[in-house]
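These are the structures, in structure tokens.
Below, chain A partners chain B and then partners chain C, in two separate complexes.
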Partner chain A sequence: MFNLPTTNIGGPELFVLEFGDIVTYFSPYTAALFVFALIFTVLAIVSRPERQVDFAFGGDAYYTKVVDPDLLRFQRFMAIACGLATLGAMVTGDVFNFTLFASMVGITNIGIVAAYRNRHVLNAAFQYGIVAMLASIPLFGGAAIVLASTGTLSMWELFGGAMAVPLIAKAFLVLGVMGEGMAPFYIAKAEITRAQGAPFILMVHVSSLLLFLRVTEIVISM
Partner chain B sequence: MTPNRSIITRISVIISRVENLTALYALLAIVVVVLGLVSLPFIAYQNDQLYEKTLDPESTLDPYDRGGVPFGTTPVKAQYPENSPYAGYVTAYLTPFSQWLADTTHHMGTTIVAHPGGIIDEILYNTRGLDTVVETSILFVAFGIASYLFRRDS
Partner chain C sequence: MDVAYPVGLVVVAAAIIIGFTALVREKDDLHRILLTDLAEILALVLIALVATDLAEALILPGLVVGISELMAVSEVYIAKEGLRAPTGPPFRIEVMNSAPGILALILVAYGIVLSGFTGGVIAAVGAVFYFMCRGHTEQFELIETVSGYAWAFWIGAFFIFMFLPGYWFFGVMIAGGAILLKVMAKMSLVGTMRGGGPDV
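Let's look at the complex of A and B:
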């Protein structure tokens, strides 16, 4: 419809959906990311939490860990919300819209991590929360500089090469997504992947990975 | 402290502590912000703005006045006007109460835009409607987290 200019990166446009000025598009690249995110969102919806057993070393004793239904329900909700935000960030055709979806991914990641009661996990969630909140400044600052220096936010215009996007705006965008997508570092450290109710943690990793892939495409194309 | 550790070991020891990651990110943010401040004078402001705005302090709707006639065609600049064929139709519409507020005082512009039936900012709600949806979703998720954490122990 609008002829996406940079066919050498994202490929030709496959499908276009207009929300006013925000024109969502699927290129082979973003469609692949979208399908990937969709698969993991469906997995988060249908998967059941692990019911873990701890064996005491050197004896017959073992503990079965209880999965709290409230925690399970909340984390599943957060994982699905995170998946939906990732889906949006993958296909959006607008820089500011992308930053909004990225910050929503950050907030839902905090929600998934902060739901545990473990002290180490909560400490990691607090630290990640600080980073995610701090990251919203460069994230939205980057979008603001893009708008101020080019006069538009639509990726369809920005990808053309006719607009000169300042390097600092791209640096801000990448820095912001780095902060929002930093959650896997904290998760690996706090060993949440081994906590009860684990499968929803997967969504944190998937969303961060996909956000990085998408922001790379945006920054290279602009 | 073993004296002859490789540089990679030292780096990985530092970033393996969760508390250090925040400081590391803050350092990175400071570096980029300083670069931004240095390069800011070289960024030219594009005068041909898509979502331009003129301020008229005399208007009773002051910071939000976009002009126009109710249900007439107010020109609203959009990136893709063909996607928003009805942009500009209800920009200037006020409910009777809002109109009364606007006629009475000069200091209620924000109140008028913030209460139901006030100014409809079509750039926000018509041409950039998806942004509004995502913003409210972020708020909803944030309130969801807060209420879950607050009520968890009861």
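Let's look at the complex of A and C:
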């Protein structure tokens, strides 16, 4: 796209596992992203939600908030599922699998946000859900156009340079990932960063960031 | 790729424009969910336009992801609006007492003859109808167990394809039977979703 030699973007491959023409691989770039996602998934597994304290203004009194165990369990499950989907999106060597993992990140992000029962938070989660659903049109559409125009979904073959991927397919992929990874912007609108379950909210940001980094690599390399 | 593909793309583009215009104009949240679901069908249409075996295989995961997103958003909508299940007398008509046994038997038997995805759906319709009419007494564990084993058999059949291609017919039969059970188990859960209890 910017006349970059494609082999130099991700670096040399570290590990290759072939399933037919679909090749799962690690380059230094994706391996770094994978390790980053892995660290945060482990953090989501081992961390405990913070217990918040509200101080009564002008005195020594304070309230401690209790964390509902059911809510905690649901949020932690969603955070771990989000981490696993992100890990999958980092290692996959198939364009359609990447779009599926991106959609799964979108679903789990809705789950993480919607676990908190507050009207404003639920409103934001609803709006984000609509956007994430609409984003699956360009996301799957992009993968379908790649398949229609080149006859393969394997990144290994698409990155080779022999195939010409139409610009509209790349644009659709980026647009779709933008929609699925948009959760942090809605989070900022909602007051969820002040809600309980703070460590799990991190997963929303991490997954969104990593999805953007990965789709950038894919689109530039194709 | 003949002339059908570009024409189809143009039709889909027009449909996307119409759908998004409707979404911008619609203010009611429930209607927006419905419109979003309609718009998501267009993603499947884009995949289906490719019209190869691979595209056919890609439609199913696309559909599953779309449905799960729709369910998540619907749950958020229910929680947001504080909706509750309506209470009232259960729906009963005479045919719901007499028909379920024989109809379910016919449909399940025909589904087993068909096997595979189609057979699973046909058999599941019979099971759904039976559960809806006769009620259900907590057979969820059994259904889940059967579904889990069927999934394992399905994956095992794929390993046969990969490592022992000579036994492909054996693999086809295992995969066909397992996917029949899997789809049937998944869909028969739908029949139990109307509030529970013996009277539907």
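Keep in mind that, in the parts below, the second predicted complex is superposed on the first by the 212 of 222 C-alpha atoms of A that agree within 3 Å, B and C clash if a C-alpha of one lies under 4 Å from a C-alpha of the other, contacts with A are read in each partner's own complex, and residues count from 1 in each chain.
The rule we apply is simple: a contact is a pair of C-beta atoms (placed from the backbone, for glycine too) under 8 Å apart; a residue touches a chain by one contact, two chains touch by 3 or more.
Model, not experiment: these values are computed from the prediction.
Of the two partner chains, chain B is the only one that A:G88 touches; chain C does not reach it. Look at A:R119: by the touch rule set out above, it reaches chain C but stays clear of chain B.
Of the two partner chains, neither chain B nor chain C is touched by A:I45. In the superposed model, A:V35 lies in contact with neither chain B nor chain C.
Looking at the shared chain after the overlay, A:F77 reaches chain B, while chain C stays out of its contact range.
When the shared chain is aligned, chain B comes close enough to touch A:L175, but chain C does not.
Considering which of chain B and chain C touches more of chain A, the answer is B. Once chain A of one complex is fitted onto chain A of the other, the partner contacts of A:E157 are limited to chain B, with no touch recorded for chain C.
By the touch criterion defined above, A:F140 lies against chain C but remains apart from chain B after alignment on the C-alpha atoms of chain A. Shared interface residues of chain A (contacting chain B in one complex, chain C in the other): 96, 100, 103-104, 107, 110-111, 114, 123, 130, 134, 137, 141, 145, 147-148, 153. For chain C in complex with chain A, the residues that touch the partner chain are 1, 5, 16, 20, 23, 29, 32-33, 36-37, 39-40, 42-44, 46-47, 49-50, 52, 54-55, 58, 61-62, 65-66, 68-70, 72-73, 75-77, 79-80. The part of chain A that touches chain B in the complex is made up of residues 2, 18-24, 70, 74, 77-78, 81, 85, 88, 92, 94, 96-97, 100-101, 103-104, 107-108, 110-111, 114-115, 123-124, 127, 130-131, 134-135, 137-138, 141, 145, 147-154, 157, 166-168, 171-172, 175, 178-179, 182, 185-186, 189-190. Residues of chain B that touch chain A in their complex: 15-19, 21-22, 25-26, 28-29, 32-33, 35-36, 39-40, 42-51, 78-80, 83-84, 87, 126-131, 134-135, 137-138, 141-142, 144-145, 148-149, 152. Considering their complex, residues 96, 100, 103-104, 106-107, 110-111, 114, 117, 119, 122-123, 125-126, 129-130, 132-134, 136-137, 139-141, 143-145, 147-148, 153 of chain A touch chain C.
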